[in-house]
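Chain IDs A, B, C, D, E and F follow the sequence of writing; residue 1 opens each chain.
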Amino acid sequence: MAFGIEAEKEVIMKANKKDVLTGSYYIDGDVAAAYGAIAAGCKFVGGYPITPSTEAFEAFVHRAPYVGGITIQMEDELGSIASILGAVWSGKKAMTITSGPGFSLMMENIGLGAMLETPFVLLNVQRSGPSTGLPTQAGQADMMQSRWGANGDYEIIAISPDSPQEMFDYTIKAFNLSEKYRCPVMIMADECVGHMTEKVVVPEADKINIEPRRFYKGPKEKYLPFKPDKDLVPPMAKAGDGYKLHISGLTHDEKGYPTFSQTPDTKRLVDKIRLNADKIIELNEDEIDDADVVVVSYGITSRVAIRGIEQARAKGLKVGNLRLVTVWPFPEKRIAELSKKVKAFVVPEINYGQIVYEVERCAHGNANVVLVPHGGGFVHNPEDIFKAIKYAAQEKKKVEGIIEHKTELYRLIHEKNS
Amino acid sequence: MKANSKGVLTGTHNLSGNEAIIEGAFAAGCRFLGVYPISPSLEATDRFLQRSGEVDATFVQMEDEISALAAVLGASWTGKKSMSVTSGSGLSNMMEHIGLGIMLQTPCVIVNVQRTGPSLGIPNGVAQGDTMQARWGSHGDYETIVLTPNSPQECFDLTIKAFNFSERFRVPVLLLTDAYIAQKKTLVKIPPTKDLKLISRKLFKGAKNKYLPYKNDKNLVPPMVNVGDGYRFHVTGLTHDERGYPVMTSECQEACVRPLMEKITKYQDEIIEYEEVETDDADVVVISYGATSTVVSKAISLAKKDGIKVGSFRLITIWPFPEKRVRKLAQKIDAFVIPEINFGQIAFEIERCAAGNCNVFFVPILGGGLPTPEDICKSIIKASKEKKKIEKLIEL
Amino acid sequence: MKETRAKYWRKSLNLSEFKIPKGKIHILKDRCKGCGFCVEYCPNNVLELSEKFNAKGYHPPKIVNENDCVNCGLCEMVCPDFAIWCTLDKEVCLES
Amino acid sequence: MKIHPLFSTFANAVKKAEIESDKICLVSDFLYQPKISEYLGFDLFHVTRGRSIPFATGMKLGNPKLKVVVFVGDLITLGGNHFMHASRRNMDIVVICVNNFLYPKINGKKSPTIKSAFSPYSVFERPVNIPHVARSSRAVYVARWTALHKKELTESMTRALGKSGFSVIEVISPGNCYFAGIPASPKENELIEFYHKNSEIKNDEDTKNVEITAEKKIIVGKFFEKKRPTYIDSYNERHSKVIGDKFKIYE
Amino acid sequence: MNKKTVEIRFAGYGGQGIIRSGIIVGRAGAIYDDKFTTMNQAFGPEARGGACSSQLLVSDDKILYPYVAKSDILICMAQEAYEKFEPELKNDGLLLYDLDLVNLKNKRGKVKLYSIPSTRFAEELGQKIIANVVMMGFFTAITEVISVDAMKKSIPESVPSRFVELNLNAFDKGYNYGKNLVK
Amino acid sequence: MAKKKIEPHPMENILRMDRIPHIWCPACGIGTAVTSFASALEKLKVNLDEVCVVSGIGCTGRVAGYTKVDSFHTTHGRAIAYATGVKLGNPKMKVIVFSGDGDIIAIGGNHFMHAARRNIDITVICVNNFIYAMTGGQVAPTTPLTAYATTSPFGNIEPPYNIPRLAEACGAVYVARWTALHVRRLTNSIVEAIQKPGFSVVEVISPCAQYYSRINRLGDGLDMMRFYHDNAVIKHNEPTENLDIDYQKQIIMGKFIDREKPTYIERYNEWLSESKPKKK
C-alpha cells in the first residue's frame, strides 16, 4: 500500500466552475442528468439515440463544446459503450446513455468494463419490455439485468432517482462512486422520471463535491494496474503516460497478464463492492421505527407509493416507507434487521417481481413479503398499493413465498376473460 | 410426434458433450443452426456442419452473435426447428434477441457453453457464471426455461427436452453446459427413432382470415403458423394485442406480457426436473448442477465416512427454479451447501427459498477448473458443525 | 416493298377514335394529413386544398376541376396517407 | 519470448516514424501477446471481440494526443459496422488488419475473407474485399502486404502512423492450416512464403480489382491515399465557426 | 381556486405543441411564480397524429404524486383528445377547447366551458403551430392559475428569438379574447 | 363514434387498412414509398402469401405493420439478419427488408455488408430521410455535412454514407436510388429488384418534414418534394463513387448496378452436392 491514494484519507475536490451551470431550470430528468454529468466533470459521452433517453444525450451534445467536452453518436450501442471505455482509459470521465434494448446490447461490454475495473456511468432510462415493448412508457424491469446481465461474476452499483432534481444530484454521486470503486455505476431511472419536468436547482460549483480519479503516483516501473489498495480498489493510470499498460478482458493477475485459472484475487471484483456495501448504500426512511408494514420502493414508484401510504396512515395503519436510493448493492442488513420488527414488506415495482426477490431473500422468512406488480406502461394506481398495505397489516399468518397482490388492472384484464 | 429417422444416429457412440447436443438436436428435428464461432462451443458447430448434408439441415455462420440469433428466430418462423450455440460473451450479445424471441414467442434453443467470466475471462475455463444471466439477462420481464446437463448423455437427452419445451411453450430455451461437460467424451446411447418422444409446435388449423397470431389457447400458448402459408400475419417486438398489432397501453402490456410468464409458471411442475439422493434423513444437503455435480457425489461419499448425514440435490432445470422442493427441504434439514463455479448466483436463490429455516453455506469455486471432492467435503463438514442458525448467506 | 415501307409510316391520329380516360377521384378526408402532394403534382390541376378542417385539423384536398381528371393515378401514387385514389369512370372520345 | 514478426515490423515503423512510444496505444481484440507492452513499451488494451475500433475511437477522442493503433484479426466480422463508421468519420486511428484467412485461435473457423477453395466451410461464401470496403467507406490510406513484404510493410506502417486519419493496412499472415493447394498442415512460415510468392505488387491499383480469389495472384501494394479532415479536425472547425470564441479547440 | 394542488391536462394531437404548452406553463409557475409544478407528458410514436397530452400539477407545496388523477382543468385542442380525456375531468372542472376542432358531445352539469378558435387565430397570425400559444393566453386569462407576467417571461425561453414577438402576440390575442369572455 | 363505412382503397389486399391512418407525420415520404412497393407487388402478380416483409425499428420500421403479407417488426438494425433466417429457412419466400437508413446503415451496417457479401436473395428497400425521425431528429449516418440535427446542434461533421456505393462495395447485385417523388420509376425499380435473384438494394430519398426539414428550415414536405423535382437528375449506371449527397445539392438517381452473381443458397446447394458423395 505504499503507493497510490490512501483509501481512508478523503481528498475533497470541488466541481469546476466552468462545468456547473448554477441557477434554476425547468427541465426534465434526462436533461438534468446531462447537466449533472457535466457538473461532475464528465467530458465524453458516446451514445446512440433511443427513446426515452435521447433527451439526455441531446442535452449533453448541446453543452459539451462549451466545457471542453466531446461527444460522438456511435453507430450502435455496442460501439457507444466500447467508446466510453476507451475514453475513460485515456483519462476522461465518461458516460453512456441508453434504454431498453440498447441496454441489452451493452451487456457484453458492461462485463468488459467491470473486468477492466473501468469507472464509467451508464444512464438507463428504463422503458417497458421485453424486446421493443412500450418505447415511450415507463418500466422498472431492467433492475435484475443491471446486476446480472453480463456473463460471469461481477458487481455494480445502481442508483434509482425519483425526480429531475435527483437525476442531477445522483448523476454526480454516480460519478463519484464510480471513481471511488472503479466499477460501472448505473443510474437506473425510468421513463417517468426521465420525462418528468420539474424545477432543478443547480448549486454553485464549490457546493459540489467531486471524487477525483485515484491516479497512481508512485514510480512508473513499479506500477501494477490491478494491485489493490486497502479498500480493494486499485489506483489507475491512463494511456499515454508511459506506464506500458497491459489491460486485458481476459482473467488476469495484478500485472494484467492473463491467467489460466482464477486466483483468489479475482474475487476482488465482487468483494470490493460487497465489503464496501455499507459505505455505498443510501436509503431514505420515513416513520419506520414503529411500523407494522414497510413499503420498499425505488424510482418513480416511491413517489407513487406515498399516496398509498398516506391513505393507509389516514386509516390508522402504521406504515413505514423505505426508499432504496441505491438498489445495488442491496441493503441486505437493513432489510434483515427490519424483517424482525415488522409484520410485512410491501414491494410495489413496475415489473412482475424483481427486487421483491431480494427483499424476500433478506427477510429470511421473518416477515411476509407482498408484491404489487405492474407490467409497465404507466405507474401503479395508488389504490392498489393502499390495498396491499391493508392486506399486509391484517394478515396474521406467515405466508411462505411472495404474496402477489392482485391489482385492479389484473382483475380487469385476466379475471374478466376467465 | 415421431422423430424423423434421418437425423437419429441410433446406437452407442463416443461423443463429447458438444457433439451429443448436436445429435440431440438432429434427433429432435432441428434443421437450422445460426451461429458465430466462439470457444468452447466450436465442436458443436463442427458437428452440425459435418452432418448437415446427411440430414438436410441448413447452416449459417453469421457475422456476430446478434445476427446469429436473429437468423435463428427468422428461420424458426418458417417452420424449421432452429438453434444457436454460443459461449460467454456471445450470450451477452444475444440478450437483445432473447427478448425478441420471448416477445414474438418464437421457439428456439440456445446452447450456452459457459466459460469463465466476466468479459473474455478464460476461454476454455470451466465456469457456471451465467446462471443468473440466463434468467435476467434481457431487459423487461420474462420467464424462460434453462436446463443444465451434467454428462454427454444428458446433453443428448436434455437437448431433445429443450426442443420439446421450446415448441410446446413457444419460448427460447437455454441449455447451459460448461467447458468441462462440453469437452468430456463418454459413451452416449441414442435410442431408436420410435422411442423418441417429440413435441412440435401447435399449428393453427382454422380459416386463414380468422387467424390471430397472439390469441392464446387455454394453455396460454397461441398456436403458430409458418411464414408463407398464406396467413399474412404481422408480429412485432412492441407490446401487441391478439392481432399482433402494437397497442401502447398498460392494459395491453398486462394482457400481453403476463401470459408470457404465466405460461411457464403455470406448468412449472411439468417442467422442473431434479435429482435427489438420500435427502430424506439428511442433515446437510448439497445443491449442485452441471460440472460441479460430477464432483459432489464423491465429496458426499467422503463426508459420509465422517458420519455426516448428507444428501444431494441436483438441479437439472435451473429456471424455473424448483422453489417448492427447496422450501420443503429447508424445513427438514440443518444446512444447504452450494458449491458453484462462480461467486454466488444460485446460492442467493436458495437463501431466498430457505426462508431462514436452515443455514445456507455457499462455496465459491474459482473458475478455470473443477473443485476437488476433498475441498467440497471440507465445506460439508464445516457446514454440519454449525448448529446455530445464521440469517445470512455464509461463504466458505 | 410497299408493305415494308408502309410499316414505318406514321398513322395519323384518328381523333374520333382516340379515347381518353376520365377518372373519378375518391378522397378519404379524415385520413388526409394535408401535405398537399396530390394538389401539387396533379398534372391537370384537378385538386385544391379545401379551407375546411378535417377531424384531425388538416385541410384535405377537394376536387375543383372534376372533368379534367384523366385517371393518371399520380395522386394515388404520391399520397403518403393512402387517402386518395382514382378509378376509371368512363372513356370519352377526345372530340366530344 | 518470440515476438510476433508483425510486432517487430511495427516497432521498426514506430522508430522510423519518430513517435514517442509512450504515446502509442495498441488496441486489439485478437493479435495478442501478453508481454508485448512490456517489451515494446506501448500501452496495450485487449478488449472484446470486434469492439476494438469503437474502444480506440473513445480513446482517441478522450485524448487526441495519443496515437491509437488497432490490431485486428478479422476486421469485418463482428466489427464490420464499427469499421465502416469509424472510416466514414475519419477517426484518426491506424488499423492493421491481420488477414488470416481464418481464426487462428479457434480451430480454423472460417472468417469472411476466405475464398471458396481456402477452407472446408467457406465454399458457399464470398470473401470481403477489405481494401475496397475501406476505400468505399472513405479511409484515407489503404494498403495490403503479406507479412513477408517486410520493407514495404514497414514503410506503409510508417506512412500510416505519420498520417492523420483512418488508415487501413491489410496484412496477409495466415494461420497454419486449411489452405487448399498446399500440403496438409504446412508450417506458418511456409504459408507466408507461399503467399509471398503468389502475390503481385500493383501500387495504386483500383481497389475494385484486388479481391482475393483462388484463381489469381494476390495483389498487394499501396492502393489509395488521400487527405481528408479527421473527426476531431471537423469538430474543431465546425464548432469554432458556429460557436465562435466561446469554443475552445479540442485537443 | 383555493385548492392546494391544481391538476391540469393539455390535450390535442401530436405536433400541436401540447407538450411545449405544459413546459411553458410549468416553467412560468415553478421559476417565475415560485410555486411547485410537475409536468409529465404522454407522448410517443403512436401519438404522432394521434391523441397526445401533457399533465401539469401546480401546487404551493412539494408535489409527491406526480400525475393527474382527475383533472381540474382540461384544455382540448382536438376531437380525439376531447373524447379520450373528457371523462377524467372533475364534475366541477373547467374545460377549455378549440372552437373549430372540438365538437362537444354530452355536456356535463357543472363543468364550466370556454372555447376559442385558437387554430384559426394562429393561422390568421401566420403560423398554425402557435395555436397552442393562443390557447395558453386564453388559459391564463380564464383560470388565473399562473400570472400573466410569469407566462410572458416563460414563453421567450421556449421559442427561437426570431419568433418571440409572434408568440407574444399570439399569447395576447388569446389572453384578450379570454378576458373579454369572462368580463 | 359511429363509423362510416369507408370505401375500399384499391390497395386493400396489400395494405392493412384496419391500421390506417398510420403513424407517419404529414408530408412524410414513407407512405409514398409504401404505395410504390404495393403497386410493385401488384405489377409483379406474385402470390402474396409468399411475400414476407421484415422491418426494423424507426419510422420506416413501421412499414411491416401496414403491409398485409407475413410481416415482422423486429429489433433495431437486425431486420436483415432476421430476413436471412427467413430466407434460408424457406427459400421459396420473397423476402423484402423495408427499413430506414438509421436502421439498415447505422446499427445494421454490419448485417447489410455481410448479407450483400453472402448475396442472400433478399430485397432491401431503404428509405433515406437523412435523419433519425422516430426518436426526434438525431444525426444519422446519411445526414449531409453541415446539416443540423438535435445531436449535431452545430452542424453535422461526419461525412454521410453513400448507400449505393457501400452496397456496391459489399457485393450487392442490384442497386438503384430514387426519390419519393419519382414514384413510377421507383415502382419499376422495386419490381426489378424483387425479380432479381440476389441481394438488391433500392434507396428511396424521402422528405422528413417534421424533423429534417424543420430543424434545417427547409420548409415543409412539399418544399422538399419541389427540391427533389428541381435537383434530382437521372443518370443510370453512374459510377457509385459519384453518388454522394451533399447538403441541398444535386441528387443523382437511377439504376447503378445490375449484375449476376450466384446467391448464397445456390452456393450452399452446390457445396452440399459436392460434399455429400464424399461422406458416403
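Assume a residue touches a chain if its C-beta (ideal position, glycine included) is under 8 Å from a C-beta of that chain, and two chains touch if they have at least 3 such contacts.
All values derive from a computational prediction rather than experimental measurement.
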Of all chain pairs, the one with the highest number of C-beta contacts is A-B
Top of the farthest list for chain B, CA-centroid basis, is C
Taking each chain's mean CA coordinate, chain D and chain E are separated, in whole Å, by 58
Expressed in whole Å, how far the mean CA point of chain C lies from that of chain E is 43
Within chain C, the set of residues that touch 2 or more other chains is 33
Among all residues of chain E, those touching at least two other chains are 44-46, 49
Residues of chain D that touch at least two other chains are 46, 48, 50, 76, 78, 80-81, 84-85, 89, 112, 231, 235, 239, 243
In the complex, chain B touches chain D at residues 36-39, 42, 45-46, 49, 61, 63-64, 89, 119-120
Residue positions on chain A within touch of chain D in the complex are 43-44, 46, 65-66, 68, 70, 72, 74-76, 78-80, 82-92, 94, 108-109, 111-112, 238-250, 257-258
In their shared complex, chain F is touched by residues of chain A numbered 47-51, 54, 57-58, 61-62, 65, 71, 73, 75-77, 101, 131-132
Contacts from chain F onto chain C in the complex sit at residues 6-7, 9-11, 15, 17, 20-22, 24-32, 35-36, 39, 180-181, 183-184, 187, 209, 220-222, 225-226
Residue set of chain E touching chain C in the complex reads 13, 16, 49, 77-80, 100-101, 119
